[in-house]
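You will see two complexes here that share subunit A, one where it goes with subunit B and one where it goes with subunit C.
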Partner chain A sequence: MKSTPYLLALPALLLFAAIVIVPLGMTVVLTFHDWGQYKGIEPVFILKNWREVFSDSYYAEMFERTFRIALLVTLFSAVFGAPEAYILSRMRSPWRGIFLLVILGPLLISVVARTLGWALLFGGSEGLVNKALMELGLIDTPLPFMFTETGMVVALVHVLMPYMVLSVWAALQRLDPQVENAAIALGAGPFTVMRRIVLPQAMPGILSGAVIVFALAASAFATPAIIGGRRLKVASTLAYDEFLNTLNWPLGAVVAVLLLVALVIIVVGANRLVERRYGQVFR
Partner chain B sequence: MAFLALDNLSKRFGTQTAVDGLSLGVEKGEFISLLGPSGCGKTTTLQMIAGFVEPSSGAIRLEGEDLLAVKPAKRGLGIVFQSYALFPHMTATENVAFGLEMQGIAAAERARRVADALELVGLGAFAARYPRQLSGGQQQRVALARALVIRPRILLLDEPLSNLDAKLREEMQIELRQIQRTVGTTTILVTHDQAEAMALSDRVVVMNKGRAEQIATPLEAYEHPATAFVASFLGKTNLVNGVAVRPERIAFAAAGLVGTVRTRIFQGNHWLYQVDTASGLVTVIRQNTGDAMPEEGAAVHLVWEARA
Partner chain C sequence: MSRNGPLALAYHALFVVFMLTPILVVCWVAFTPEGFLSFPVRHWSLRWFYAIGRYPEFVSAFWRSLGLGALSSALAVAVSVPAALAIARHQFAGREAMTTLFMSPLMIPHVVLGIAFLRFFTEIGLGGTFAGLVLSHIVIVLPFALRLTLASAVGLDSRIEHAAVSLGASEATVLKRITLPLVLPGLVSGWALAFINSFDEVTMTVFIAAPGTETLPVRMFLYIQDNIDPLVTSVSACVIAITVAALIALDRAYGLERLLVGKGSHGR
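Then we have the complex of A and B:
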């Protein structure tokens, strides 16, 4: 019967609608409701919340910070993660498994423990990292970690790097080692082989890894919440605060919806770019 | 002094000997095939010449110069890998141009030589395609053009035709031979297909278990195999009373070795017979001249010319 596949998909569709579409729709509706300190939420249709978010520079600053952090995290993940993936793909059997575990490690550790660990590593002028950096003469005064963007970037890179590594690694799996030999035989040095042969083939993996890391970094909650607290807010922690502390749900909903829309646009746009650029080269 | 000289070349992987004391002199412009069964050390030999495998012992000299002291990137050899190893993110043109770029050839001359090379292998119309958009045979020809365009001192081919279907393989063999004649590049071909080796080469190196069993022209190796291995590897052979006789050398006659036709197979231009005789089963190949031939179950007499 023709309708069988649709019927089989129905339970999943219903579940999807119930837990994603409906709450999302309700959140969007919520953004148009009014809210007051004493009267609470009033189910009316007004644009007050949207106006507030777009007119107050506090929100613009906060969104800018959110995406600046996400961009930096993506950049560092790519710079460190791509070479890591290449080295991993060249490792032999027992070592590859061991190092893969090391790379996936951060995902297995509680975000609180991980962040606390980083805070201790920096930890004012006595922290290991700050001491080392000062010894090396790279900085004069200890780098602050808590309540700073530096701290958020460091902690987020640590936990999101595995996504980049795995994504690039998957792309490198298809790389034929003979292709590098072919380039060498044609007279290419190691640097040229890396830049002209390996990197372009790893590029689709780097780009798709970047999309994942960016989306996760921009919407991350736990790490920015612990490091930034209520002093340094990003979109997700701000929305949380509006919902649970100020109890201004409509305003929180606007922030959440804006974050979602921005992410969808960026992710879809990046995917389009990758498709257009690499569609005919790689399958 | 030979153009390319392999001198007592050996390669051991752990306890296993992949290539065992191979010596070979290749003349300039010559087409040589390394022929042998799977695992006999053909690829290892080629990779040692290319520089991607380091010999355990022995020497390789090219025009008198010690090739082992030269880095793979500086050897100036053209290689066609078994998997083609094209750069997947570059078009056919960019693939072929890569080697010239590495040599620092100016853009104008580069473009001209790339176009010539693609024309030579009959791919002028496919210059802008990516490898993924080309058939296996076309990819193989891009790989050939990429290796030839740098005007290599030696062309190394590792089973370049093994992935092609029978018809395309035959076409490519003819094309390969023509191209090699036109360009005149010294060529070493690795193959396990004896027909391919004999069709293309000036000389064949028949290898077995890492050793060269015979180095000779295809005709000589076929007619005067040095060892039983060479005889059996180069086409069908009968052992009649301890003497090796090629099936096509045996004829039906009025008198001779008595036998009965067990099977008869028609193969277009020839007949393939299996004949039961007192000395065992004998394979006979006869040209199809359109005349009537002995049928299955017929009593026949076999004769052949005694040969060294």
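Then we have the complex of A and C:
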């Protein structure tokens, strides 16, 4: 029957139409409504909120910060996560399983608890991270981590690292160790093996991991809220403030819609790029 | 096979320290006798574990999170199964668009969903209710449920069903005796992944939960916005302990390495 697949998917379709498409549409409409401290939300059609976000440099700075942090988090998690995934893939059972669990396990623990751990480690000049860095002779004076972008980046790298390791790990599972051995037998040094054999095969994993980490870092909420405090805002914490503290819902909706549009463009674009370059690997 | 050199193992050790330190610090600070968050801890006390009992909001939020995760994941799986069968078995107009739609909650920032749900549920009178929480959680965990049910539906050999039909089985019997048992492993792992994501969700839920319908992560987040005492560390330590216990139980039952590494990997 021709209608069978539609009937099968009908419950999910109805659910998504009612609970995803309608609310998102309402949010877009909301961005054009007016708002005042005393009159509340007025259902009119004006461009005031959009104009405010595009003309006030505060919002440009905030979006720049959001995407700068996301980019740094993506970079660091790729640079540090990919080698770890490779080391893991070369381990023997049972160590491989144990350490895979140790590294992916934090995903099961609330992001609030993990970020609180970093807040405790950073905690002022007396913080453990600063003490360790000074004792190692890496820095002379304590670095500010709380309420700074540095702190947000460190905590977010920790929170999102499992996604990168998992993604590279999955790509390396397809790597046949015999190819490495063949390269060594043919006289390739360890550096050449790494550059010519391992890295090209890990690259699709690194890139798809990077897309996931970037999207999650740009829309992260709890970690920037806890580490950044009330002053250092990113897009999601600003939208939260507008909705639940200032109560200027239309303005908060503009910030949210802009974040969504920017992310969709970046993620879809990156996916296209990855697929064009490495399409054959995914098939 | 090639082994990891000492340099690689040193790097690995540093990496593991990086991943575990914040979590261990939270558990350590939970045992402080002080009335404020301080580190390192010099004396030990269970004071903040007893304090959880005097703050029933955390306990009720924990049970609510469990119930919400179990219910919304079960409903998400129930909706996913027919949708997965449609996508895996049929070629039809709009198939790609439909898959993209069902996977979209993965790509939409949860803060955007939170805002959209807050406005929507307030308008239709579900603001701050448990029903609203369940509906919104079904949507955000559905991609996880669908992905795993889809994987097992694609792997399903339809000839087995045809054989059953030709042997005289009714459509209901085929569904009950053949199709569902074959996709069951996918359903179970889909449910588990959905549950984990529902249980940890904070960004979207913080918008739509009201005092009385707060989940555990939301209660913890709001608590550290207003208070700086070690109560959240002891609550976190309990949740971490429960998670580790659940993992150990799962390992005894199924073997975690098999689940994580998969049977098909090279026998290195």
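Here is the rule we go by: the second predicted complex is superposed on the first by the 280 of 283 C-alpha atoms of A that agree within 3 Å, B and C clash if a C-alpha of one lies under 4 Å from a C-alpha of the other, contacts with A are read in each partner's own complex, and residues count from 1 in each chain.
The working rule: contacts are C-beta pairs under 8 Å (C-beta built on N, C-alpha and C of every residue); 3 or more make two chains touch, one makes a residue touch a chain.
Keep in mind the model is a prediction, meaning the values are calculated, not measured.
S.K.: After superposition on the shared chain, which partner residues are touched by A:226: those of subunit B (first), subunit C (second), both, or neither?
M.R.: A:226 sits against subunit C, while subunit B stays out of touch.
S.K.: In the superposed arrangement, which partner chain does A:114 touch: subunit B (first), subunit C (second), both, or neither?
M.R.: Second partner only, subunit C.
S.K.: Using the superposition on chain A described above, determine whether A:47 touches subunit B (first), subunit C (second), both, or neither.
M.R.: Neither partner.
S.K.: For A:188, select first, second, both or neither according to whether it touches subunit B, subunit C, the two together, or no partner.
M.R.: Once the two structures are laid over each other on A, A:188 reaches subunit B alone.
S.K.: If we overlay the two complexes on their shared chain A, which of subunit B and subunit C does A:179 touch? Say first, second, both or neither.
M.R.: A:179 contacts subunit B only, not subunit C.
S.K.: Of subunit B and subunit C, which one touches more of subunit A's residues?
M.R.: Looking at subunit B versus subunit C, the one contacting more residues of subunit A is C.
S.K.: Touching A:200, do we find subunit B (first), subunit C (second), both, or neither?
M.R.: So A:200 only meets subunit B here.
S.K.: Where on subunit A do the contacts with subunit B and the contacts with subunit C coincide?
M.R.: Comparing the two interfaces on subunit A, one with subunit B and one with subunit C, the shared residues are 176, 181, 184.
S.K.: How about subunit A: which of its residues touch subunit B in the complex?
M.R.: Touching subunit B from subunit A are residues 176, 178-179, 181-189, 192, 196-197, 200-201, 203, 280-283.
S.K.: Spell out the residues on subunit C that touch subunit A in their complex, using ranges where they run on.
M.R.: Interface residues on subunit C, with respect to subunit A: 1-4, 8-9, 11-12, 15-16, 18-26, 29, 37, 39-40, 79-80, 82-83, 85-87, 89-90, 92, 95, 98, 101-102, 104-105, 107-113, 115-120, 123, 135-136, 138-139, 142, 146, 196, 200, 202-203, 206-207, 216-217, 220-221, 224-225, 232-233, 236, 239-240, 243, 247, 256-257, 260-262, 265-266, 268.
S.K.: Name, in rising order, each residue of subunit A that touches subunit C in their complex.
M.R.: Of all residues in subunit A, those touching subunit C are 2, 4-6, 8-13, 15-16, 19-20, 22-24, 26-27, 30, 80, 83-84, 87-88, 90-94, 96-118, 120-121, 123, 127-128, 155, 158, 161, 173, 176-177, 180-181, 184, 215, 218-222, 225-226, 235-236, 239-240, 243-244, 249, 252-253, 256-257, 259-260, 263-264, 267.
S.K.: Along subunit B, where are the residues that touch subunit A in the complex?
M.R.: 50-52, 72-79, 81-83, 85-89, 98-99, 102-103, 130, 132-133, 146, 150
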